[in-house]
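In the two assemblies presented below, chain A is common to both, partnered first by chain B and then by chain C.
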Partner chain A sequence: MTARVLLVDDEPNILTSLVFLMERSGYEVQVAADGEEALAAVDSFRPDLVVLDVMLPRLSGYEVCQRLRASPAHRDLHIVMLTAKGRDVEAAKGLEVGADAYVTKPFATRELVALVGRMLEDDGAGQG
Partner chain B sequence: RFWRGGAPTAELRELLVRFLGAARAEEAMRDYAARRGQDWQFGAAADADLVDHVERVLGGAVGAASARVAVASVVDEEPIGLAELMDVLEETSQAIAHSRALEEKSHALEAATAELRAANERLTELDRLKDEFVSTVTHELRTPLTSIRSFSEILRDSPDLDDERRQEFLAIVISESERLTRLINAVLDLSKIESGTAEWHISEVDLASLVDDAVASTRQLFAERGAQLRTTVPTDLPQVRADADRVLQVLLNLLSNAVKFCDPEDGTVRLTVQREDGHVRIDVTDNGSGVGEQDRDRIFERFDQGGDTAADTRRGTGLGLPISREIIIRLGGRLWLDSTAEPGARFAFTLPLDDGGQR
Partner chain C sequence: MRARARFALAVAGLSAAALGAAALATWLVWEALDAAARDAVAAAAADRALALGLVASGVVVGIALALQAPFRTWTAPARRLIEEGRLILLANPGHRVRLGAGAQELVDLAGVVNELAEHGQQALAEVEAQIEDARAEVAEERNRLVALMSQLPQAVLVCSAEGRILLYNGRTVALLEGESEDGSGGYVGLDRSLHALVDADALAFALAEVQRRLGAGEDEPVSTFVTAAGGGRLLRAQLAPVRAEEPAAGGYVLTLEDVTRRLEAGNRREVLLRSLIERTRAAVASVRAAVETIAAHPDMESDQRDAFTGIIADEALRLSGDLDAAATATGAHLDASWPLDDMLGSDLLAALRSRLAGVWAVDCAVMGPPAPVWLRVDGHALLAAVATVAERVVGLGPISAASIGVEASGGLARLDVSWRGPAPEPAAFAGWETARPDGRIPLTLKEVTERHAGEVLYRRHPQGDGGMLRLLLPAGEPAARPTTPGPREQRVAGYDLRMLQRVDRASDLDERPLDQLTCTVFDTETTGLAPAEGDEIIAIGAVRIVRGRLQRHERFSQLVDPQRHVSAASFRIHGIDDEMLAGRPTLPEVVPAFARFCDDTVLVGHNVAFDLRFLELAEGRTGVRFDQPVLDTLLLSAVIAPEQADHSLDALAARLGVDVVARHTALGDALLTAQVLLRLLPLLADHGITMLGQAREAAAQTPHATLGY
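Moving on, here comes the complex of A and B:
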């Protein structure tokens, strides 16, 4: 089964690059441009992994992450937080609200692809 | 010597104990005995010399007049005279004045401390704002940089990319580089204006020709959006003392904002110049959906991009309005959002006609 990846960012160009990278890796992809859209997309699209920007309109990435983690339905969902604020406290906060990984912008595309690949692979191993 | 009569030694000693404490009293008595010679001993009655000594010691602690009155109370046949009483009053009032002066000094000190504390708090707040600004600038710079890096790496790692996509990605790299440049320039510009290091070239400025320049510079932009620009400039407009380049910068900023937010189907922007009491007023009005109530204060904040939609190809820096407002303030005018123009948005600014308020 093809893994599903939800990409959340309010920067259209960054979204375009993420879509390209994830589709090239063979995942099924959907996008959202703000926090509320992201929450709705998690329910309708049921992704295996979310790449979530922190600075989002309407609802921040932290809040989205917190809400997702509060719901038992999304226990297995992988969350990779993206942020353009490269501070240690930001990273700590990202992990504190329940993100599995925290990636600083600008990121190395190969590393991001590898990170997402590893997380989704672990799933496959767990199921098999 | 003032004293003629003697006094009971015990009473003199008691006086010393009362005003100096036991230890110092004892010390004063010992000093006196030592001065009188090795074999000398205190008798029950003190002579005038000892009375004199006690008075001097007391005087050092409570003031001469008070000491005299105290000693007089134990000395035989030495009634307190009016003169001594007056001296006591004098000394007391001096002591009170002194204590008042001290109290005032302590108040002044407290006020100075409070002032210092407030100044320190202001500095801390400024420091915090600066930190916040740096953090926001960092965020704003990283965002275009992220696209540039991602697409550069994608182009490197995808030799099989078709030509159309390659062109699309290259165009993104270029436009994000331009955005990064605009941002850096705007941040530098704002920081120069705010720190006072920006250079101002004040001269007599003909607003009508400045408006013509602004119209010429934005013609392309209006054509791209299919919007109209209408200008109204009175023919008898007096010159203003201002920095022509800076005023043009403000006009261009307001016009490019207006064309961005005017009605997408039938966009119209009006630029009017009019003379008012003591100043010239310039209005830039668009026929878009206006600025929402909740955004009215925010739009003048740095990096707020209220209304910029994600689909905008040419995104602003979020610094245009804050910079424009700073410029107009430095030129002695003001710049504000005039909400009477609803449903569209109207930005207005003034430039003073006299020299007052000029820098």
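Moving on, here comes the complex of A and C:
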């Protein structure tokens, strides 16, 4: 089964590259441009992994993450925060609200792809 | 007139009278004789000329011998009686006259004088007791002021219009003198010049600025300047005028602040920011150039295109590295412009607990921390913001239980507040984060966390029966514990504001009244009594008298390594041995520091020629010449009490009623000499000596003044 990845960021320029990379890696990809859209997309698209920016309009990435984790249905969802907020406190908060990984922009695309790959591979046993 | 001269005059007078009478008698007889008899008498007289001469001398000697007794029993003791009476009257009411030898009447008179002195002293004591009560109250007030000033964390300074220090506190000493023990940055003390301690040009400019603003009619003219001070610090000084009734008098108040760290941090941030901007410009330029070239030439060869994309990748990578470096650097130098303090976690929890008890009516359980955790916080703002949120929570319903805790986590600290009771939805809580509390500096929880460069988290229990507020805050450093104050910090504060109200009239030092002098009273201990034969100074001690008032705390005390052996004989006197001196600074190091200490003052000592000789002989080694005016308490004592035989420091102290605490230490002797000097002043004034020049002249005329070493 093809893994599904949801990309959430309000900057189209970074999305363009991320979409390209994820699709090239063989995943099914959808995008959302703000927090509310992201939550709706999680419900409808049912992704295996979400790449989540923090600075979003309407609902911050922290809040999206917190809400997702609050619901038992999304316990197994992989959440990777990808953001320009690079301070230690902010990374700590990201992990506190339940992100599985916290990547600071700018980042090495190769490494991000590898990280996503590793997380989804671990599911592989469950997904066959 | 001196006693001896008087005696000689008396002898001469009486002899002249006796011999004159004899001559008159002879002449009377001579007149009655006729010529032949005269010749016979003359011949007989010529025969006995020698005998006659001897008789005449005998008369003179006889008179002298005869007069000696009355002089010894009357004149000399009477003069002593007068001297000692004056001493009782002017300097030491407790002194009693002791006449060993003398006429019985004089001894009785001495007894009467003593009785009168006794009565006088009692009456004086009663009056003084009353004055003392009144003074005690003033002294207490003064002590409170000094204690308050010495505890001020700010450095405060008052100086006269000419820049002479009139008031200072311990913090001022610490900031201006720095760590130097030898006064290389200048000394802080009453009547010392401020111009020697701070950047003279900057000070002058600030003073002129204040004057200009005063002239322009500004109500509160203040001027600011930055100066370098001892130890490489940078100080920010604020200057404001103090007005007095006399137009030329008055002065200035200064506060000083150490801005070294702040300026350094500010500079570092600026440098960092500027370099980041420059590197980003460069990187973006390369990227844009590459991108625009590719866009403008879609037909370029693929390897050429690869080169350009390579450039873009390269620059992007380099820029990423620069950003990381900048982020780390700013993190390390984060000196938030909002004032934060290092605080112990347990102290913060204690304060939070009592605050929440008031808002929630619940006693919070306190969790840990197991080991001391330090946070960097504005405690008050933080507590106020948390309390505001707490108020909103309890507004929804009562709280049944709560717990608070602090934990270290990486380079951060976590402050948790958990409660059982109503808990809003996260969305509602988000609104509370931006709610503004009441109070003087109303900051929302969001603003407070931002100022702390921290983050806020809120979690609601799944059952909805409680919630948790978590604050991620920067970790702090253990606040530096103050060490026991060294001897310099004990010069906690001093003030003498007289010069604010009047102006120094006498520009010539010799015309300065003795009780308005600023002197350095000093004493040395040495290896022996022969400076010209290799004896050396082993200790210098000094205190300051500022405008006639002894400043006990402004002192100089230093042991000196003489680089030779201390003889057993001199050790018996001062108790300093070779071991105590090993490793001490040598004379060429100490004397310049001493010179700075006594700069611009009159030098005073007991038998000071002795000490000065040592310093003079060492001029080549130390490079210091002392050319201040000098006063010697031994000579001054000889001026007012020429009949006394003993002018030693011990005898002077006893006569003048000064308690001897520590003899034969340089500092102890200097203090003693200073007190002796102050008590000599009224006695000198009684002899008509009120100015420095007069004192020096009178001292130079005493017989002791010619002793050389």
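By definition in this document, the second predicted complex is superposed on the first by the 125 of 128 C-alpha atoms of A that agree within 3 Å, B and C clash if a C-alpha of one lies under 4 Å from a C-alpha of the other, contacts with A are read in each partner's own complex, and residues count from 1 in each chain.
Operating definition for what follows: a contact is a pair of C-beta atoms (placed from the backbone, for glycine too) under 8 Å apart; a residue touches a chain by one contact, two chains touch by 3 or more.
In this text, all values refer to a predicted model and were calculated from it rather than measured experimentally.
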Given the touch rule stated above, what does A:Asp10 touch, chain B (first), chain C (second), both, or neither? first
Between chain C and chain B, which one touches more residues of chain A when both complexes sit on the common chain A? B
With both complexes overlaid on chain A, does A:Phe20 touch chain B (first), chain C (second), both or neither? first
Which holds for A:Pro106: it touches chain B only (first), chain C only (second), both, or neither? both
Is A:Arg67 in contact with chain B, with chain C, with both, or with neither (first, second, both, neither)? second
Figure out whether A:Arg75 sits in contact with chain B (first) or chain C (second), or with both, or with neither. neither
Output the chain A positions appearing in both contact lists, the one against chain B and the one against chain C. 86-87, 106-107
Quick check: in the complex, which residue numbers of chain B touch chain A? 135, 138-140, 142-143, 145-151, 153-154, 157-158, 172, 176, 310-311
Interface with chain B, chain A side, in the complex: residues 10-14, 16-18, 20-21, 24, 33, 55, 84-87, 105-110
Which stretch or stretches of chain C touch chain A in the complex? 316, 319-320, 323, 327, 331, 409-412, 426, 430, 453-455, 457, 459, 462, 470, 472, 474
What residues of chain A sit close enough to touch chain C in their complex? 63, 66-67, 70, 86-90, 92-93, 96-97, 106-107
